[in-house]
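You will see subunit A twice below: alongside subunit B first, and alongside subunit C after that.
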Partner chain A sequence: MPDIITFLILLALGYGFGQWFERRHYRSIREREQEFKDLLIIQTKIIPSSFSSGHETFLVNGSVVISVDYFKRFVAGLRNLVGGRVTPYETLLDRARREAILRMKEEARASGADVILNVKYEMCSIYKGRRNSIGSVEALAYGTAFLPIKTTAGER
Partner chain B sequence: MISNLELIPGKRISKHLGLVQGSTVRSKHVGRDFMAGLKNIFGGELKGYTELLQDAREEAVARMIEQASSVGANAVLNVRFSTSSITSGAAELFAYGSAVVME
Partner chain C sequence: MDISNPQPAEDINISKTHPLKEFFLLSGGILALVAVIVLVLSFLADTLTQYIPFEVERSLVRKVDIDMPASNTGIVPDYLQSLANDLSQKMDLPEGMEITVSVINSNTVNAFATLGGNVVFFTGLLDAISNENTLAMVMAHEIAHIKLRHPLRALGRGVVVGIAVATMAGVAGNDIVAKLIGDTSLLTTLNFSRDQESAADKLAVAALAKHYGHASGSIQLFELLNQQQGESGDKIPEFFTTHPLSQNRIAAIQKYAQQHDWPVEGDTNEIPKPVRDELNRLRMALSDQKDKPEPAI
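Right after this comes the complex of A and B.
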């Protein structure tokens, strides 16, 4: 009996806080995506001719580790029985990727870049828990930032 | 210079020096593990892990750069990152690229 009570409490906490965190995170993601809208990400290796010279390049990256909550893991566990879309994990991965991209953009913006080329994603799940259920997921985004050379720019 | 492009506009590659790589295996300490356990109930970002992995990745890149400069390169192109979790509790971060001399 105490087990069931603990389980229900954890489930309720997971649902409450998980949903709250997720909504807050999505709101902040949307705001920052709007803010960084003009920093272009080009998913190609071929450099547009307008950037052919007078630019400096360097690597930028952004990463985030996001944890799944108790409720989501429970729902996903149920889903495993019948198959189909696992929406709780979809939003988790979506949040992680968008956050990683935003952090990369922040880094690029901080050093004054115009555009980021050849962006790659890398995902890694961090295993935790008894049944090897996905505890948390890391998303990494990296690319090459281009910035116009300033007269004071030092040697890199 | 580190870049994940294959070519840098306005620069010419004068010499290829082959693959260079850097890696590091990190594990988290108990305090972080405990916080992560809590977060696994509530959800949300694991800031400790984000920092840990970011630090480790910087170290992997630093090792790659060290290797590149030891073979006489001044740039590493086409850099890729890879992460693998070895056991629960430790992760390997790996960075690799091709070392070149650029003019």
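Right after this comes the complex of A and C.
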């Protein structure tokens, strides 16, 4: 009996806090994505001709670590038995990727860059608990920022 | 070159399923599945193990394996053994089934039947019981467990369900889910345990009526147990217990006795004085032991 009560309390706390943080995080992500909209990120390795001269380049990266809550971990554990989409983890990874990009953009903007080329992602689980119950993930985004040396204004 | 980064649409990388819907669907479905698997396996194990001959069971477990010193000889065990023998005759035990009574000197208010026809009494229960009829109810109840092969069937169920639960928990690979599966199977198997208790109660009342001509003591026993449980304080819902609630057992016994026209009241026999004296002596010895200071090392 006390076991069940403790379990339900943990589950409720996990759900309550987890959902609250997630909603808050998504709101902040959407706001900042709008804010950094004009800082372009491009996957290409080939430097477009318009950037080939008159730019300084440097490495920028953004990384974030997000932990899973008790509720998500429990639902994912149940999912392991029957298979299918692990929907509770989808939002977790989505948030991590978008946050990493935003932090990278933030670093680039601080230096005055207006485009980041060759952007790549790395994801890893940084904590594998008992019996491989993954606790948290790290997302790392990195790329080459192009800082224009402005000689001809408005030209790209 | 005209390049822009439009905001991608939301909900491409994330499912629209509400987390709570996911939770209730998954947990409900899996718990129901575990309960069904455990029920089917328990039923099969329960049905099949009773065909193991009693001699085989007896040859495997000749003596009670318990951490406390249990005695088979002396005034108290001899008295209980003769009571067991009298009741066994009234209960039509199958050929070759023998009851062996042991006594453990402890304040625990309990008695139990276990493998190999062994019945174990704690002196705490004997002290709490006021007359022979009530004692005979306990004895007949434990003998009924043995007659119905309950200890063996419980063992069979335990082994089969244990393996199934360990396998399912292993597949889940998650401590929380594994624990939940374990708890679900436990609550499911408790149902079998409560059914066994009710079945043993019925046989015990019948034996009492046959031996004494009335079933006095049967209800007294559960009133006594109810009182003991009340002292320990907590009221647990029946769903979470191995035994039915005392008041439900009393009601069931009254109904069963009425159906067969057995009076539940009648003249009771005293527990013989030498047995009482010996029990008092044992109790004193127990409290003396407790008062002794721990030897300093």
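The rule we apply is simple: the second predicted complex is superposed on the first by the 148 of 156 C-alpha atoms of A that agree within 3 Å, B and C clash if a C-alpha of one lies under 4 Å from a C-alpha of the other, contacts with A are read in each partner's own complex, and residues count from 1 in each chain.
Basically, contacts are C-beta pairs under 8 Å (C-beta built on N, C-alpha and C of every residue); 3 or more make two chains touch, one makes a residue touch a chain.
None of these values were measured; they are calculated from a predicted model.
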item	value
Combined model on subunit A where subunit B meets subunit C, clash or fit	fit
Which of subunit B and subunit C A:Glu33 touches, first, second, both or neither	second
Degrees between the directions from subunit A toward subunit B and toward subunit C, using C-alpha centres, nearest 10	110
Touching partner for A:Glu122 - first (subunit B), second (subunit C), both, neither	first
First, second, both or neither for A:Leu78, with subunit B first and subunit C second	second
Which superposed partner A:Ile4 touches (first subunit B, second subunit C, both, neither)	second
Which superposed partner A:Thr87 touches (first subunit B, second subunit C, both, neither)	second
First, second, both or neither for A:Ile41, with subunit B first and subunit C second	second
Shortest CA-CA distance between subunit B and subunit C [superposed frame, angstrom]	12
Overlapping contact positions on subunit A, where the subunit C interface meets the subunit B interface	70, 72-73, 132, 156
Subunit B residues touching subunit A - in the complex, by the definition given at the top	1-10, 36-37, 39-46, 49-50, 53-54, 57, 61, 79-85, 88, 91
Residues of subunit C that touch subunit A when the two form their complex	1, 3-5, 7, 13-15, 17, 19-20, 22-23, 26-27, 29-30, 168, 171-177, 179-180, 183, 236, 240
Subunit B-touching residues of subunit A, taken from the complex the two chains share	10, 13-14, 17-18, 21-22, 25, 45, 47, 51-55, 57-59, 61, 63-70, 72-73, 99, 117-118, 120, 122, 124-129, 132, 135-136, 138, 140, 142-144, 156
Residue numbers on subunit A that touch subunit C, as the complex places them	1, 3-4, 7, 15, 19, 33-34, 37, 40-42, 48-50, 70-82, 85, 87-88, 90-91, 93-94, 115, 130-133, 156
